[in-house]
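Worksheet: one structure, shown below.
Letters A, B, C and D mark the chains in the order given here, with residues in each chain numbered from 1 onward.
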């Protein structure tokens, strides 16, 4: 699909936890096919300190209603200002960006998400199920507040949860959870979350000889491969996370 | 009908809007958003003799009304440009300029010698102002003597249009502009980024891997306008103005200050369609105020003084 | 309890927060908003030998995340300061510095000779960086030789603390800092404003009566931080950092970059209470992160490199 | 009264015309005495391009309810953003600023306002009436849209109106209106509006040998006498409009 720049209208802004919310954004034109793992760059209106667009993963896509869902955690001025946006407001998006996840077929896969890294995994799991894979989820967060859309995820596969404070699921890091001892059972692991989590998981996956796809969240200026600000080191030199990623096979990364 | 044409020496630009090096890739990155053929020109990413990996991540910091970058001239080298990229982009019906960078004068010369032969590259932008590399780069642009010397050597080796891109990190940019004019530059473009720094007070570390980086965006516009005005009043060759242009009005301010053309940089990151919108906006402004040609407003603030 | 004291030579400041010259009047203008006695110091408006009317209106232009001013050292002269203003403000329990400006070295010397005798003025800030006057001003601050010369002459005439305020409109600010240090400056403060310009595209005229003016506010913070870091790594005397400090975190960034103290300028216009809030914010930060003294974070980004 | 910095709550934001609105702002503490002609500096939240506070005249004061009214014409980003503010929002004000108008006693006075220069004249007229003056008003604007609060003004004195397009009152400039031929009948003229209007009026008043007080609207950075950006040339040198004005007797100005 060609990259687009378009105004979307907010049809829902729902608080998910004290510091996160879900935006449902409707496009006026029919949405063309979006790949799981792709992201959008949102222009933040009316924030004095926010100059650049802000990148967010596509959480879910509803082609019938032309709706994209985006989960946003409030971490600074840009996300705070977006949190104030109201139903009926317009947001300007550049999308769909990035390569997206590779969709295997007829495999058993584990999707591991940490914090807002859980976001891209819903639409991914739907596409994986369509391609006849067996999907399991392992989610981690600091507390219950970081875990969201569980009902939707449970329709796509079996979900296990870890939280650092034990307020939901197992207590501890997701990379220390039960599932990590059975990685060999999977054909591939897909993950998105904080870098330390992804690095730990990449190591476990390598030990278990399982393919591991990670979605990186390097800071970006342009999101379309023009500025070369978002690079990550790979075995083939620096690559742009915004166009040659955000998804990489960990064996290509210099981790 | 308004005449948007401008000329640098004998090179015609269909309008005065170019895209700034390092902010527009090779044009292709924007093909989904802009009809490249409607631009006055595009200036491709800084190109060096050899392949360069640039600086380590993180390379970017957002700042009040701007950003710092420390990309450090990541590029695949001039041969890759000639063999891989040029064939893909040469069909554009606009002026394609190559931004030439390096650490040593010999390297600059070697690059321009290779570019001499490319039919569809009518001009180069000589980057003597990159603040993000350890050697060369900005160093050439901060003294009159070194700026003159490199211009002289490149002039000998290159027989098409040379635009020299000046550094704003200097005491007197007009003197430097004059010294490159004297050595045969056909145009000067300014400004490159201001050297800046960002610090993360929570981590107590610099944000950029290189500590310092180049500041761009609207925050630098007042400095850029001042320098363009100073330089335009000092040299006879056309001045190309840039620094923080976000919309047509900003671009017009540069023309009024004395620029013959403008470049759009960081703004492309925020609105990938902005370069084309600025062409349209300039046309609308001229029409609205009954000017016949871009030249009618170039340097107008001086004439009305 | 956190120790907020800092010292410049033998002069104690109760905390590292001063207010910048030209942005805080004589302190009195802020008496309704701030308890002046809680500040580390105040630096009063640029003072010259003779009364000056400054530049014609308009003197101000708002810019992205900042402003340009072209006040041009409007002040009633040093005698008026000594006779009228000093008696009114000398009771403040904080360090009052006079910002000294002029067109000729003799004028600077004449001013500081008069200030020598004022008990409650422990220091001067030597302004060799005002971009808004035709003669002198910034010219002194843009070459090592002239900066050294004026410092030398003023040093002979003034026997208390001299802080030299540096211009950012130079190629190498660290060299200039070094040359004033070598001539006996006790401290350097930086940055003064960047020279900029604003144009009104609708009227097709410059906004300021003087065309150019001095840029201040958060837009210049990245440049200021970079320069403070460069200078702090070059000189041994304490560096006072300023440029776009709007809140405690900004101030802490300057300390981390190597400043021993900071000045709050344009921010006073937007929140007249901000100077006192910054004192409090620095204290809170140090406490939160278990630092005992301001000195624990000065230049920390270098130490952790 | 000491200068203050305080949050006010918006209790009403009323559209007056397509490009102007009236804000009624309530202070949580009792309002101390404000002089007519004084102004406030409002901090504009959430406007990317607005860095400095914006000055506005005090249109009216209600000490019982602790309410200040401010009339705002939309001319740029700052005023546009303020126009979006809603009842219940907070605005941060620095106030009361400036010297204010001198209040004569037992005189006959004419108050001439042009466009948003009409704003400070309501509270002024109330104070003049309290001091037993006879008050007449002459207002000018481009069109009917520029004239506001007429009912309130009519309670304070006799109002005559001129508009450039003739959509309300006499057609033409206020300085060409009937009343200008009878300036001698007044002891003083008070005026606020566009500079050309005030200058024309000052000339007429000088010819008629009537005292003329003008309220200037020079661009400001600080509003409290610290930056020296807002100066106007007077017979005694440059004076700050924000502290030594905004009101000047025209005989002191170099007009």
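The working rule: a residue touches a chain if its C-beta (ideal position, glycine included) is under 8 Å from a C-beta of that chain, and two chains touch if they have at least 3 such contacts.
Please read all numbers here as calculations on a predicted model, not as lab measurements.
Q: Would you mind pulling out the distance in Å between where the CA atoms of chain A average out and where those of chain B do?
A: Going by mean C-alpha positions, chain A sits 36 Å from chain B.
Q: Between chain B and chain C, tell me the centre distance in angstrom, where each centre is the average of that chain's C-alpha atoms.
A: One centre to the other, that is 34 Å.
Q: Roughly how far is chain A from chain C, going centre to centre by Cα mean, in whole Å?
A: 47
Q: In angstrom, rounded to a whole number, how far apart do the mean CA points of chain A and chain D lie?
A: 54
Q: Counting only residues that touch at least two other chains, what does the list for chain C look like?
A: 63-66, 217
Q: For chain D, give me the residues that contact two or more of the other chains.
A: Residue numbers touching two or more other chains: 48, 50.
Q: Classify the inter-chain contact topology: is it line, ring, star, complete, or other?
A: Chain contacts: single closed ring, each chain with exactly two partners.
Q: Each pair of chains that touch: what are they?
A: All touching pairs, sorted by chain label, are A-B, A-D, B-C, C-D.
Q: Under the definition above, what is the set of chain A residues touching chain D in their complex?
A: Going by the criterion above, the answer is residues 45-48, 50, 81.
Q: How about chain A: which of its residues touch chain B in the complex?
A: Those in contact with chain B are residues 2-5, 43, 49-53, 94, 218-233, 237-238, 243.
Q: Using the touch definition up top, name the residues of chain C that touch chain B in the complex.
A: 61, 63-66, 68, 142-143, 169-172, 194-199, 201, 204-206, 211-212, 215, 217-223, 225-226, 229, 244, 249, 252-253, 256-257, 285, 297, 300-301, 304
Q: Note which residues of chain C are touching chain D in the complex, please.
A: Counting only chain C, the residues touching chain D are 22-25, 29-30, 32-33, 45, 53-54, 56-60, 62-67, 69, 71, 74, 217, 266, 268-273.
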